[in-house]
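Each in structure tokens, the structures are laid out below.
First chain A sits with chain B, and in the next complex the same chain sits with chain C.
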Partner chain A sequence: MNVQLLDLACGALLLTAVLILWRRELAVIIRVFALQGVALAALVAVLAAGEGAPELWGVAAGILVLRAGVLPWLLRRALARGGAAARETRPLVNVAASLLTAAVLTLLAYAVSPPLVALAPSPATQAIPVGMTVVLIGFFVLVTRRRALSQLVGFLLLDNGITAVGFLTTTSVGLLVEAGISLDVLLAVLVLQILTTRIRETFGDTDLDELRELHD
Partner chain B sequence: MTVSFLSLAAIVVPLLAALGYAALGWHKATAWLSPLAAAVVLAAASGVAVQIGQSGPRTAVAGVLRVDALSAFMLIVIGAVALLATAATPAYLRAEIAAGRATERTATRHSVLVQLFLAAMATAVLAANLGVLWVAIEATTIVTAFLVGQRRTKTALEAAWKYVVICSTGIALALLGTLLLNYAAHGTGLGLAALTAGAHDLDPGVARIAVTLLILGFGTKAGLAPLHAWLPDAHSQAPAPVSALMSGVLLSVALYAILRVKVISDAVLGPGFARALLAVMALASLAVAASLLLAQRDYKRMLAYSSIEHLALASLGAAIGSPLALAAALLHILGHGLVKAVLFLGAGRILQITGTSRIDGVRGLAARDPLLAGCVGLGVLALIGLPPFSLFASEFGLARAGFAAGLGWITALALLLVLVIAAALVGHTSRMLLGTPPEEPLPHGGIVTTTRLSTAPSVALAGGLLAAAVLGVAAGPLATLLHQAADLLTGTP
Partner chain C sequence: MSALGVVGGVVQPLLVVAGSPLLIGVLRQVRAKLEGRAGPGVLQPWRDLRKLLLHKESVTPRGTSEVFRYAPLVLMATTLVVAVVVPFVTTASAVDPVADLFAVVALLALGAVALALAGLDTGTAFGGMGASRETTILALVEPTLLVAIFALSVRVGSTNLAAIISSTLDDPARVISPVSLLAAVALIVVIIAETGRLPVDNPATHLELTMVHEAMVLEYAGPDLALVELASAMRLSVFLGLLANLFLPWGIATTATPLALLIGVAALVVKVGLLGAALAAGEVFLAKMRLFRVPELLAGSFLLALLAVAASFFLA
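Entry: the complex of A and B
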């Protein structure tokens, strides 16, 4: 297995996650998200080359199509329909604080991960904390962004991180389960996109601040 | 008929019914297809339970499905609650269509999605593999999202958005836990039976992280704190039959996943780990439910918070972990499913009569519609755990098991919170049922002019209450099944 390529792919994964946290234009965020899909596919491809497993190459290709192609395309379509307001105007946490939080989350990921690395030390498992960091950053984006589309990106970031951890730990999840997971993610995004459209039809815009009627 | 055939029927028949609705549409002739499919699921579940009782756990369909006493029991819960909910659906949809709030197309889509929902839940409890279980539970989120947002009002869309985002995120955590559990098992696969049997080979450090994520993740879907915020919104906005299904079975299917994870966790990490996690989540959920029920102003949200309470009690049973506690928790799941389905169906009817879901918008229901008021009143009494209903027996069992297992303080605290909740429920409900009805009949613009309940919903409401009462007096053949399932969960077959 080419360790340098593996590290490069993981580095790209982490960098794109931080970039998503940093930038506010939704169009840019979607482009960075597509880049992250490429990095994730590259990661799986490196693992496939290392193990010489042909079906893993197929999974890598599937990930490239879904996460660098279909999902960004769906997001862009939702954005184009949304019209003018294409910026995350008022996130709950400002950019400087977000980046600091990303640093803290990285430390947290490294603090949680030692048992995961210790079980089977290898270049691949040593990169698990990176996957964990992407999961935590995705969660953070999800809870601090107010626009529907940004929240969607946060959810997908979380999912990219989980996929990365999954492949870094074991490559033998089983094709049925992997296919099921991808299908579920795709469907969840479709559902959320349809809801976004309906919310826009009803509310005019998709700032989730408008969604405040239900409470106790 | 073999176990294979019966368990497959429980998944395939709802799928066929969904296809039927998609092809033929919803109208007078097809309206009864839905309860028919639910009845088939219930019959298949009973057949499976009988066969499992004689022959022990079986795998089916090339090892994708695995049926044991616990899956058979959960399948019975799904079938029974689905039968109640779908039997009351035609009348509900007819009233909505008559009021112009829905069309036959909405009704068709509703019926297709409900059948897919049933198929997904049946798959979840029959899955032999933690991965397939995960996929099935996530599938329930996807199909119910549109059911929650069916009315397309502002509030319904808000609830649907929150529901999908929070539940998908919670379920994503469970996915991470599933992958890590596979890693802890050195990549030997996610078969539930294999994981349980080979649990001693799992790496404890990794398993600890995996179990935490799995319990938190599936706990989200089961409506347990801290990620419970979607539940009151989704349950109050969904159409009544869907609320009945979500509250009655969807929550317990997620709890079923937690029970499966707990067996593995107990074998690797000892019983203390999952117990601590579940006990904390259960107490937190009870506290949330109690504090928000005291000053509740909306009766559908009131029922939703009561669901959080009852799932917390069942989780407490899982935390206690003795055979008695687990049998009581399972009985509690069934009793709560039946009674809560009755109450949500009743609440849907009240909403159609009065046009408001505010508690202070409903007065003197007992004088206006004695049958409906009687069912709702008895349902609430059943819910707070009065005999003869089965929730009395199960709560009593839980309390006894809790004190016997040395969790006296936790059990006492939980019982105190249950008392507070009972007082709040009785207070709110009596204000709705008693008193004199308002002079002008429909102050908020209800959509139903005839207040008489038609036959099918009346039978569903009364039947659900009767079943819960019979269960409370004598569980009959179900008792054997319950004990087999509890033995399975404690690892003492």
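Entry: the complex of A and C
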């Protein structure tokens, strides 16, 4: 039953990553991102139930609060201030092509993971490719989107993937390390949010491709 | 060839031929009720077919070749073969080697290709436009269909549909695994696209610029049109039956006793009827999607199907 729940959580992680790539409305993307935070917390909770470690339960609760609560709230606030630009209108790679690219990235993740899985075969490590896929999709979102906010979501997707891989490989990263990483992410989001606001105040838009040319 | 398979091979095509127009009728009736209209009644598609078969004559446009004349027959024949071999009512198949995933998808694709060729053969602007749109959709639908069902066949170790359905029947817990969920979503999307329902194609429209299926069959009249319409209705019920039995196979007959067969037939009718009603109810809330957005939807469903296959290889 535990293995099945783990698989289900991994499936949800994967599905939400794909949905973030698929949808254009930034509000929907943020909602899906919050769902992914729930899936990630569920993943850690399943691992905690398997290990019987109270420390890991604390980490799961922390992830739930941060990734399903605080970060989406910050993103929503940044979106509300943005006003008009609520959609990712012209990504560098169109959506159909980026979905097919995601398929290729999935195969890539599955192709490179076997050595990692072979180190300690268990149901948890077998799901490493899922985490790798989320990392790759996050990176792809980060490089192909134009809006500052969707690039930020890409960055957070990348981080979700890294966290998932971390927990799947070692089960317990350690409370202190995890807390440090989470604070880092929170800080990065806060800084980027302020940066986004500044960009908009100065240029009237957050399309980062417009920022290539130098101005006086 | 077992007795169960033979019984299934006789009952299934009869059920599909008789029931498909009724399914279309139910779909339209549900939609009409939800939109506050009275609706023409569940039997209307059969009345239309009777009118076309008995009171209209077949007209072939000048300049069309044999392709145009044979396309309805090919479409009907391939759909009938699928209705015979796929385990809908009984777990055994009449012609077991043909009840294979690849054979069934190829047969369904053959029918669609025949119709697209007929659309091209008329040489009219609308026929060509419909055929080109259908081919665009088909090129993305067929691989997704294959990959989505393939995801289910991986853990069975066989691409035989009867084997897949029996194994789900033996191990019901599989239905809630991520593999099944991803494959189910992918399959639902491609079935909607392939059978020309909203948001990919509007089955009720006769507006030239938006239609796909209607544009291809524009030149058909009389018994030929009846055949095309009946075969299209049968394709819808075949696809819905396949979806229902792959993911919720309960009720299907495993023995050749009359009671088991009766339950099998009733279960299929109820499952397909409910799926159809859900489809019609969903359509009320949807608008047709821009044609250029359709590849996006289908690419997404292909990705989900691929993820299902990847998950079935690596997770379990």
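Here is the rule we use: the second predicted complex is superposed on the first by the 212 of 216 C-alpha atoms of A that agree within 3 Å, B and C clash if a C-alpha of one lies under 4 Å from a C-alpha of the other, contacts with A are read in each partner's own complex, and residues count from 1 in each chain.
Here is the rule we use: a residue touches a chain if its C-beta (ideal position, glycine included) is under 8 Å from a C-beta of that chain, and two chains touch if they have at least 3 such contacts.
Just so you know, these numbers come straight off a predicted model, no measurement behind them.
In this overlay on chain A, chain B fits alongside chain C without clashing.
Of the two partner chains, chain B is the only one touched by A:T169; chain C is not. By the touch criterion defined above, A:I181 lies against chain B but remains apart from chain C after alignment on the C-alpha atoms of chain A.
For chain A, the partner touching the most residues, choosing from chain B and chain C, is B.
Once the two complexes are overlaid on the shared chain, A:L195 sits against chain B while remaining clear of chain C.
In the superposition on chain A, contact is made by A:L14 with chain C only, not with chain B.
In the superposed pair of complexes, A:A102 makes contact with chain C only, with no contact to chain B.
Once the two complexes are overlaid on the shared chain, A:L116 sits against chain B while remaining clear of chain C.
In this overlay, which is a superposition and not a single complex, chain B and chain C have their closest Cα atoms 18 Å apart.
Judged by the document's definition of touching, no chain A residue lies at the interface with chain B and also at the interface with chain C. Chain A makes touch with chain B in their complex at residues 112, 114-116, 118-120, 135, 139, 142, 148, 151, 155, 158-159, 162, 165-166, 169-174, 176-177, 180-181, 183-184, 187-188, 191-192, 194-195, 198-199, 202-203, 208, 211, 213-214, 216. Chain contact summary for the complex, chain A toward chain C: residues 4, 7-8, 10-12, 14-15, 18, 22, 94-97, 99-100, 102-103, 106-107, 110, 126-127, 129-130.
Note for the complex: chain C touches chain A at residues 173, 176-179, 181-182, 295-296, 299-300, 302-304, 306-307, 310-311, 313-316.
Within the complex, the chain B residues that touch chain A are 129, 131-132, 134-135, 138-139, 141-142, 145-146, 149, 152-155, 157-162, 164-165, 168-169, 172, 175-176, 179-180, 182-184, 186-187, 189-190, 203, 205-206, 208-209, 232-233, 236-237, 292, 295-296, 301.
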